[in-house]
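Report on one structure; see the data block that follows.
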Amino acid sequence: MEGFLAFALTVATISAIFGIVGLGVNAQWGYGGMLNIGNVAGFGAGMYTTTLLTVGAPGERDFYAYGASLPLWLAIICGGFVASIVAAAIATPALKAGVSALRLGLVTFAGAEILRTVLAVRLDIANGFPGVHGVGSGFRHWAFDNGGQDFYDLLIFLIASAVFITAFALLEIWRRAPFGRVVRAIREDSDAAAMLGHNVLKFQVQTFAIGGFFTGIAGGIYVIWLGTVTPDNMLPAVSFMVMIAVILGGSGNNWGVLFGIIITLGLLEQGSRFLPTTDDIREIMPYLRRMALAAALILVLRFRPQGVLPEQRSVTVK
Amino acid sequence: MTEAANDFFSVEGISKSFEGVRAVDGCTFSIEEQSVVGLVGPNGAGKSTVFNLVTGFHKLDHGRVKFRGKDITGYPPDKTARQGIGRGFQIPRPFSALSVFENMIVSIPNQKRESWWRALYPFGKNPDEHHARERALDLLDKFGLYHLRNDKAATLSGGQKKLLDFAHVLMSRPSLVLLDEPAGGVNPKLQEAMTGFIHDLRSEGLTFLIVEHNLAFVDETCDTVIVMVEGKVMARGALSDVREIPSVRDAYMGSISKVDQKSTAVADTASETP
Amino acid sequence: MPEFEVAYIVFGLISASVIAVMGIGLTLQAGISRFFNISYGELVTLGAFSTYTFSVTWAFPLFLAIPVTCVVVAVASVGLNWTVFRPMRNSNAWVLLIASLGVSFFLSNLFFAQWGSRVRRLDVPDFLSDSHKIGDVVITGTDMMIVAAVIIISMLLYLMLQRTGVGKAMRATADDPGLAAVTGINPEKVSFYTWLLAGALAGLGGTFFAMTGFLEPQMGTRIILLIGASVVVGGVGNPWGALAGAFVVGMSMELSVMFINPGLKLAVAFAALVIALLIRPQGILGQKGFL
C-alpha cells in the first residue's frame, strides 16, 4: 500500500487502539468522575503481561525470568485482567479513603510512575530499560508468509477495530443500564447516592477495573503491533495524550472519545507528514503538533469544559 | 410509649462530638409506625446531626439505633438506606447532570441490572425496570414534575428541587422517611401540598420524622413533636401542649418567633449539612 | 545490602535542600491559587535551561546567570498565571488541574523543540565542583552552597511572611481566602507576588537540580511528583510543611538505598506521596487544604 491508503490505515489503527484506551478512561472519568492521570499503568500492564505470556523462554541476551509462550489472543485477554487488577489496586485505597478527584488523579499519576520505575530497574521482570523485543513475531511471520505486509497491517487494523466496536457497544450498554446511572449519580454526589442505598465503593472499584481492563486489552494489541515493549512506552506523556483526547472530545460521551482520539492521536500525530515542510521544521514537527494539541485542550477547558460533544442523556421518556 | 412503638424506630442515648463540642448528647426517643413526628428546636440543637447519625453518615460516639426490632447502629449509609430509611436533604441534592426522570429511577438500590454483569443480558424484557419507570412517572405526576421529566435536574427551581428530593426518596419504598426542612424556602401553596403528600403517604403506611423550623407547617403536618435543646430531648407531645411547657418556651419558643426564617436556614446549612 | 553510613544522612539532607527550594515555591502558589499546578515542573525545567543558556551557551558567569534566571522564570510564572490560570480561576478544581497538565505538556514539548532530547550538564566553577572530606563523608562545594542557600531562603521567607504587608496578606489568603478578601486584602496583588516568588524559587531550584545532576526537557514530569511529594507530605499551602516534607522525602530516598535498588529512589518518593495522600491529606503541619 502506498501514500494515502497506507496513511489512512495507520491513522485508523492508532485511533482504534488508543480509542479502546480512551473508552476505558472515559468509563473511569466520564462516567465515574474518577480522574486517572496514570491511565498508562493499565495500558503498560497490558503490554507487559501480553509480552511475557507470548514470548518464549529467555534467550542468552535476556534477563527476564519467564516467558509462557501462550497463544496471542489468550495473552491479550490475560493482559486485560492484569491491567484491571493493577488499575484497581492503585485506585482502591484512594477510593476507600474517599479522596477527591484531584487526589485520586495524583495517586494514579504517582502509581503509574512507580510501576514504570520498577519495570525499568528490575531486569528480571522484563529486561529492564532495554525492554523485550520480538513480541508476536510468530504471528507476524505467519501473516507475512500468507499475504505480506499489507495483509498484516490490515489484520491488525481489523482486530483493533473489532475490539474497539465491542468495547464501545459494552460501554454504551453499561451507560444506559442501571449500573451506568448509579455510577453517574455517584459522580455527581457520592454521599447522596450512598444515602439512597448504593454501595459507592463497590461501584467505583468496578468501574475503575472495567476501565482498566480495556486499557490493558489495548496495550496487548499495541505491543503485538509494535513488536517490542520498553518502559518508555509508559511515559506520563502517553497518559496525558489520552486524558487530553477524552476531555477534548467530551467527558462521558463515547462518540466524543472517538472524535477526540481520531483528532489528537490519529490525525494530528500522523497527518502532519503531508504538510509541506523544510528539514528544520520536520525535525521539531512532533513537538509542534503536541504543543498545538495542548493549546487546544486549554482553549476547550476555558470555553467549553464539557468538551466538544457533551454527555448524552441515557434515557428519554416520551 | 408502648413496646410496639419501640419496635419500629428508636434511638437510645446517641451522642456525637465535633472537635470537643457536643452536637448530640445522649439523645433518646422512639417513633411509632405510621406517625408523623416533628423534630424541632433552636439552631444548633443537633437536629440535622441526629439525621446524619441515624443514616450512618457520621459515626456515633455512643448509643444505639434500632429499626424494626433490628439493631442498625453503625451501619454505613447505603446499608441503612437498604433497611428502608429514606432521607431528604435540607438543601436538596439532586444529581445535577442527570435528568429528572433519571434522578427518580437511579434511586432504587439493588435493581437487577444494577450489577455490571447482569447489565449484559438485558435484551428483551426486564419487569423490574418497567415497574420502576411506571412508579417514577406516577410519582412525578403526583408531585407535579411530570412535564419536566427530561430536563436536567440542575435546571430546576429551588422549590422543584425540593419536590424532586422528596419524590426520589420514595422510589425505593422506604418505611421511614427523614425530611430536613421540607417547607424551607418553599412557597405557602407548595407547603400545603407537601402536607398533603405526607398525610397521603402516611395513610399508605409510611412513617415520617421531620426537622422543621416553620411551626405553622409542623402544626399542620405532625401528630407529635420532639423538642431538642443542646443535643438532648427536652420534651415530647402535641405541639400545642409542648408550647406551654415553661422550659421549652424559654429555650426555644421565645427565640424562634424573633428569628427570621431565612437566616435560620442559612446558618443551619453552614453548620450541619453533610 | 550496603551498611548504614553517615553519608546517607548527609546525602538525604542535600536532596532535601534541593527539593525544599522548589517545594516552598509550589506550596505557596498552590495555597494561594487553590489548585495543584502540574506545570510547576516545567517552570523548574525552564529554570535549569535558562541557567544553562546563560552560563554555558552565552558564557555568562554562573553567579550572574542564576539571578537572571530567577527573574526570567518569575516573569514566565506570572505570565502563565495571567494568560492561562487567572481567567479560569472560577472553574472547578479539576479544570485547573487538567489545564495545568495541558500547560505542562505544551511547555515540555516546547523545550524539546528548542533544546532536543540530549542530556546536558552545567559547567560549574572549580570551587564548586571540588570535593571536601568532612569526617567520612565527601561532599562538593555545590552541595554546601545549596544547603546554605536553603537556610538563607528560609530565614528571608520567615522575615517576609512575618514582617512585611505582602507576607502577612499571603498567610491570611492561604489560610482563608474568603475572610482575607473581606478584610480588605487585594487578592490580585497577593496572587501576583506569590506567582512571582514561586517562579523565582522554581528558577533557583531548577538550577540547583541541574547542578547536582543533569538537565533534559522531560525532567519536569519527574520533578513535579518529587516536589508534589514534599508538598503533600508537609501539608499543601504551608511553606514550613514543605520544608519538613522535603526533609522526609529526601531522607527516605537516600536511606532507602540501604534496603532496595538505588534506581528505585524516585519510586520511594512517589510512594511517600501516595501514602501521604491516603493517610494524612492535611500533611505533617496540616491545615485545611483544598486538595
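As written, the chains take the letters A, B and C, and residue 1 is the first residue of each chain.
Note that in this section contacts are C-beta pairs under 8 Å (C-beta built on N, C-alpha and C of every residue); 3 or more make two chains touch, one makes a residue touch a chain.
Owing to the predicted nature of the structure, the values given are computational and were not obtained by experimental measurement.
Chemist: Chain touch graph shape: choose line, ring, star, complete or other and state it.
Modeler: line
Chemist: Among all chains, which one's averaged Cα position is nearest the averaged Cα position of every protein chain shown?
Modeler: A
Chemist: Would you mind pulling out the distance in Å between where the CA atoms of chain A average out and where those of chain B do?
Modeler: 43
Chemist: Taking the mean of the CA coordinates per chain, how far is chain A from chain C in Å?
Modeler: That gives a centre separation of 31 Å.
Chemist: In whole angstrom, how far does the Cα centroid of chain B sit from the Cα centroid of chain C?
Modeler: Distance between chain centres, rounded to whole Å: 49 Å.
Chemist: In the complex of these two chains, what residues of chain C are touching chain A?
Modeler: Result: residues 35-36, 84, 87-88, 91-95, 97-99, 101-106, 108-110, 112-113, 218, 221-222, 225, 228-229, 232, 261, 263-264, 266-267, 270-271, 273-274, 277-279, 281, 291 of chain C touch chain A.
Chemist: For the complex, give me every residue of chain A touching chain B.
Modeler: Listed in rising order, the residues are 170, 173-174, 177-182, 184-185, 187-189, 191-200, 206, 210, 311, 313-317.
Chemist: Which residues of chain A touch chain C once you look at their complex with the stated criterion?
Modeler: Per the touch definition, chain A meets chain C at residues 35, 37, 93-94, 97, 99-103, 105-107, 109-111, 113-114, 117-118, 120-122, 235-237, 240, 243-244, 247, 284, 286-288, 290-291, 293-295, 297-298, 301-302, 305.
Chemist: What does chain B use to touch chain A in their complex?
Modeler: For chain B paired with chain A, touching residues are 55, 57, 76-82, 86-87, 89, 93, 95-99, 101-103, 105-116, 119-120, 122, 129, 133, 137, 149-150, 168-169, 172, 274.
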